[in-house]
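Structure in structure tokens, see below.
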Amino acid sequence: MDKQEKIEMYRQMVLIRKFEDKAGEMYMQGKIGGFLHLYIGQEAVAVGFISALRPDDYVIGAYREHGQALARGADPKRVMAELFGRSTGLSRGKGGSMHMFDLEHNFLGGHGIVGGGMPLAAGMGLAVNYRETDQVVTCFFGDGAVNEGAFHESLNLVSLWNLPVIYVCENNQYGMGTAVARASSLPEIFRRAQCYDLDTESVDGMDVLACRDAADRAIRRARKEKAPRFIEAVTYRYRGHSMADPGTYRTKEEIEEWRTKDPIERFRQSLEGTLTAEDAQRIEEEMNSVIAEAVEFADKSEELPAEALYEDVYA
Amino acid sequence: MAQMTYRQALNQAMREEMQRDPDVYLIGEDVGEYEGAYKVSEGLLQEFGPKRVIDTPISEEAIAGAGIGSAMVGLRPIVEMMTINFALLAMDQIVNHAAKLRYMSGGQLKIPLVLRAPQGAGMQLGAQHSQNLESWFLHVPGLKVVAPSTPYDAKGLLKSSIRDDNPVIFFEHELLYGVKGEVPEEDYSVPLGVAEVRRAGSDVTIVSYLRMVNIALGAAKALESQGVEAEVIDLRTLKPMDLDTLVGSLKKTHRLVVVEEDYKTCGTGSEIVASLQKEAFDYLDAPMERVATAEVPMPYAKNLERAALPSEQSVIDAVYRTLARETYQLTRV
Amino acid sequence: MAQMTYRQALNQAMREEMQRDPDVYLIGEDVGEYEGAYKVSEGLLQEFGPKRVIDTPISEEAIAGAGIGSAMVGLRPIVEMMTINFALLAMDQIVNHAAKLRYMSGGQLKIPLVLRAPQGAGMQLGAQHSQNLESWFLHVPGLKVVAPSTPYDAKGLLKSSIRDDNPVIFFEHELLYGVKGEVPEEDYSVPLGVAEVRRAGSDVTIVSYLRMVNIALGAAKALESQGVEAEVIDLRTLKPMDLDTLVGSLKKTHRLVVVEEDYKTCGTGSEIVASLQKEAFDYLDAPMERVATAEVPMPYAKNLERAALPSEQSVIDAVYRTLARETYQLTRV
Amino acid sequence: MDKQEKIEMYRQMVLIRKFEDKAGEMYMQGKIGGFLHLYIGQEAVAVGFISALRPDDYVIGAYREHGQALARGADPKRVMAELFGRSTGLSRGKGGSMHMFDLEHNFLGGHGIVGGGMPLAAGMGLAVNYRETDQVVTCFFGDGAVNEGAFHESLNLVSLWNLPVIYVCENNQYGMGTAVARASSLPEIFRRAQCYDLDTESVDGMDVLACRDAADRAIRRARKEKAPRFIEAVTYRYRGHSMADPGTYRTKEEIEEWRTKDPIERFRQSLEGTLTAEDAQRIEEEMNSVIAEAVEFADKSEELPAEALYEDVYA
């Protein structure tokens, strides 16, 4: 990876962080409705994994997917407009926070059912092999999804059929208020994938280069050898599960402890020499204006007219 | 009588039944430490401990199945589905198992289980989190279906549901949890299968349940000011359905509007209308009307979601359609 | 025209569409080597190989999901559910994903998928293997629902379904697979959403679909000998529903009986009756009747299963109920 | 285990074999309808595992469950009457072959949905702990069920909550026409259960004493320590999946090969000295008459009257 690429990754992480901060703010102001699940703290995972992909690869996420959409190249303006429920949003305002889709960038959602995207990813992997291309599919989901039947059926399929699917479990320690050890019979999540005869590993999800490295390896295997892989990225969400979560199930100390491993700060430090303080400052400012523009764009965009209610049901 | 919210009423019902009967327990995602996604189980873990208030992994099929299995051997589970949308992952357990086990075993088994779930739209949660699926469950013999609109009924019907020896699907509404109403201090229950006339009237019958009862009542009030007296009936239980009360009302009003938050096609209203056109054919002066949610996956955008849902205006319009008919006929005569 | 079975007609439709379009493939439990639990996919593995005829583990949720996922990126899967009863394990993928993805993505995605499944009772398979769930799918915006009764329609509608860009739930019936009928040699398709009048008549309209069309036709024949001319309409597609044809028939007959193998409560018939009482209120001379399966989990014992299912006699009785009404009114006048 | 007990186990295996042979015959004669899944070849599993249980333990099976019901003590007359669809059947003729229930013997079905019984078994285990008794739950299912989401969710639950449930997978090599290796990413089925932190093992399902031994060990752990266990019993079904199965997916040689390991024959040989040829002959004859009586009983029994259609829907 060259210097420029690293700086670009850093830029993306800052973008996501700032985007999510602003989204939280807009939610409090009532500009955004529904559930809002912020990605703050987990930026290294989306950026590390997605930066390793080609444009023709497929990416699919769950409902905490703004960061993934942005890392995949979705226009922050349209992501914000989606949150505002506007016609210019990624999904015309019909999807909202949980259902961002950007086909132009092969970003296939945005899914609100825990584990629901996993079989879909298997299907995309099947399509890749069907068409005999060397694309790969990267599928993100949380530690909670590991206990759904869909997880099990999907892992068995991709292994049995040698589908080029990389399953990335973002283990952020909680599924809503339930700590991993209270939900999973084996608290080391990657071990839950060790009975399907596929590659598994655990990676530091607060370290973007570690994620990128894991992604590179997984992608190589998947592209060339059609080998699926399950990767646990150990990470943390700084905020509540959603904006409504009082977060009483975890301590301030725990949160503070994780904050000391902040993925952006850590990456910045590791980039010293490559990324000067001025560079960092400049990126900060750039991103501030990108976000400001996004909010302005969203705010100025029209809502869909009422008739549009009936559009997009059938092709 | 005490004033309390729908949420508190449900909480009390569970608490009192758990106090009364040691076989009653609560199981579901985040029902314990988190006290429920909608805080309906507040304080229950503290009072009853983790044996009787059980936090689960996110495994809807196994949650439902574990509840059913425990009921097969005599416990009386209250299974909370965080929302009814996730019950789609548990349909096999609910429909192929809970509903059928008694029959398939030739009456040996009983399944005294309550599956509680909030449903409905109105909070911009988008298509996967805003569904109403009550008609699916009405379609399944072996289940009962309950859908209270007030704190009083929420408590009284939940108690009856818990005491019932059959699997009961108990619908709650996300937008009702905070609604307040009067609830007696003393123990009471509301029997399953009995509708309630919420407002008497002679010109048209408006039938509804759950949150839509409030829309119906709002419409009735507006209509009153325009000289139209609507009778508003709250079904409370959807299965078994209290058709008698509806027929009785129709005999008086000769006109009927069903208001449901579910989709119209094969919805609860379809059954009501289809039954009544038979049971009350001679009393009908106009086609019955159904007011329901637009037949689209629920959009996120606030304006579209609002447009999709039944409103007081859409109920009023439907009432006028039933009346216009009379006007028309009167003119013709 | 060739004589062939419903099974063969379905097989031909798949074979020809797979020949025509390399993106069409078949996936399901035992569809390949075993050639389908009901042998509908006979010879397809041999002709198209394991890439396009895919045997799966017993994993209904992932089977449906994999089909949907492949459709999201442009393939055109035919997903065979061994029977519709097992689709209960895939409801989340079908309803929360296939039906909603286009809408939630603001129209970016299309899901050109056919989910084929035999349904129905009559083979003593018991409660977990004898269900009819079509009304559940009618209830879901974003899906289409097809239910052919003849080999001709089976082939023509399956072709249209495969070519359609939306998720189509394609119902087959276990007892129809062996039924023979005429099927043209040349390529043809039957458009979705168009009902067919199977028998013209002026006294009563009998509406049906799938296997019950044969029961309806049998009843119509018996009625003819008693001087009653029944018009029998085969819906063929349930969603979108061809109400126009039904209204047209009602204008002539003024009486209607729906015959469905599903349960009555919130079934397909409930929607038909509820719609028609509005669309054709003035043409109705009697309450519409619904003939459906007894509202019990399907029993195994042959005598009970037979008693539970609609029969020609139960259709005839229903027709007479609609006619008795006329008699009564005529007497009164 | 004393001599008598072993002879009793032998008796049960012969009973099951003969019962199933006769059921197949009755099916061909049209006395039995629906699907009929015979247990022939697998007798050692039901008898080995169930003989180790106490009467107050719970047993639950799938749709290939006649053998389990019989081993649990269900009256062969009532099992046959159920197959005949008569009022005297275990489930009043309402269940049929796939839905035998015998509450008197804590036999809890009889379930037709692949994997469907597994969460139910977890629930029974939960009830046992809830009531603080030392009962155990034994749950039978096939190799095909291993790929269902229900398997995964159930195994996680019983392990996480320490439920006294013994899951017995009867790996008879096929799920309908699909060989295990074509459905499971790991063909050694017991390894599919090794990511839930519970005891797993594989046992020779053609050897009744091996099954019994595995059961004894599992039950001891479950009763005393509340430890769940997953046991794969490697076995074979001699007949087709159901009576309708042409069985073209496997060779005659394969079937013959397995027949040489016949569990009844093998057990009889191992009992030489304990079980004389005359004993065996006597058991044979006894069982013949038990079966004959069962058929006679079933045949003479009444059907339920039509009104009974509406009974048993609600309590």
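We just call them A, B, C and D in the order they show up, numbering each chain from 1.
Assume a contact is a pair of C-beta atoms (placed from the backbone, for glycine too) under 8 Å apart; a residue touches a chain by one contact, two chains touch by 3 or more.
Here the structure is a predicted model, which means the values were calculated and not measured.
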Legend entry - Set of chains adjacent to subunit B and to subunit C: A, D
Legend entry - Of all other chains, the one whose Cα centre sits farthest from subunit D: A
Inset, instruction - Let me have the rounded angstrom distance from the C-alpha centre of subunit A over to the C-alpha centre of subunit C, please. - result: 41
Inset, instruction - State, to the nearest whole Å, the distance from the C-alpha centre of subunit A to the C-alpha centre of subunit B. - result: 36
Legend entry - subunit A: positions in contact with at least two other chains: 91, 93-95, 99, 111-113, 116, 147-150, 153, 156, 160, 182-184, 313
Inset, instruction - Scan subunit C for residues touching two or more other chains and write them down. - result: 56-57, 59, 61-62, 85, 88-89, 92, 96, 103-104, 126-128, 141-142, 295-297, 299
Inset, instruction - With chains as vertices and touches as edges, which is it: line, ring, star, complete or other? - result: complete
Inset, instruction - Within their complex, state which residues of subunit C touch subunit D. - result: 29-30, 33-34, 37, 55-62, 85-86, 88-89, 123-129, 294-297, 299-304, 307-308
Inset, instruction - In the complex, go through subunit C and note every residue touching subunit A. - result: 25, 51, 54, 56-57, 59, 61-62, 64-75, 77, 92-93, 96-97, 101-112, 141-142, 144, 165-166
Legend entry - Residue ranges of subunit A touching subunit B (in the complex, touch as defined): 33-35, 82, 85-86, 91, 93-99, 111-116, 144-145, 147-149, 175-178, 182-184, 249, 303-304, 306, 308-310, 313
Legend entry - Contact footprint of subunit B on subunit C as seen in their complex: 61, 85, 88-89, 91-92, 95-96, 99-100, 103-104, 126-128, 133, 135-136, 138-142, 239, 262-263, 265-271, 273-274, 277-278, 281, 284, 286-290, 295-297, 299
Inset, instruction - Spell out the part of subunit D that touches subunit A in their complex, as residue ranges. - result: 147-153, 155-156, 159-160, 182-186, 191-198
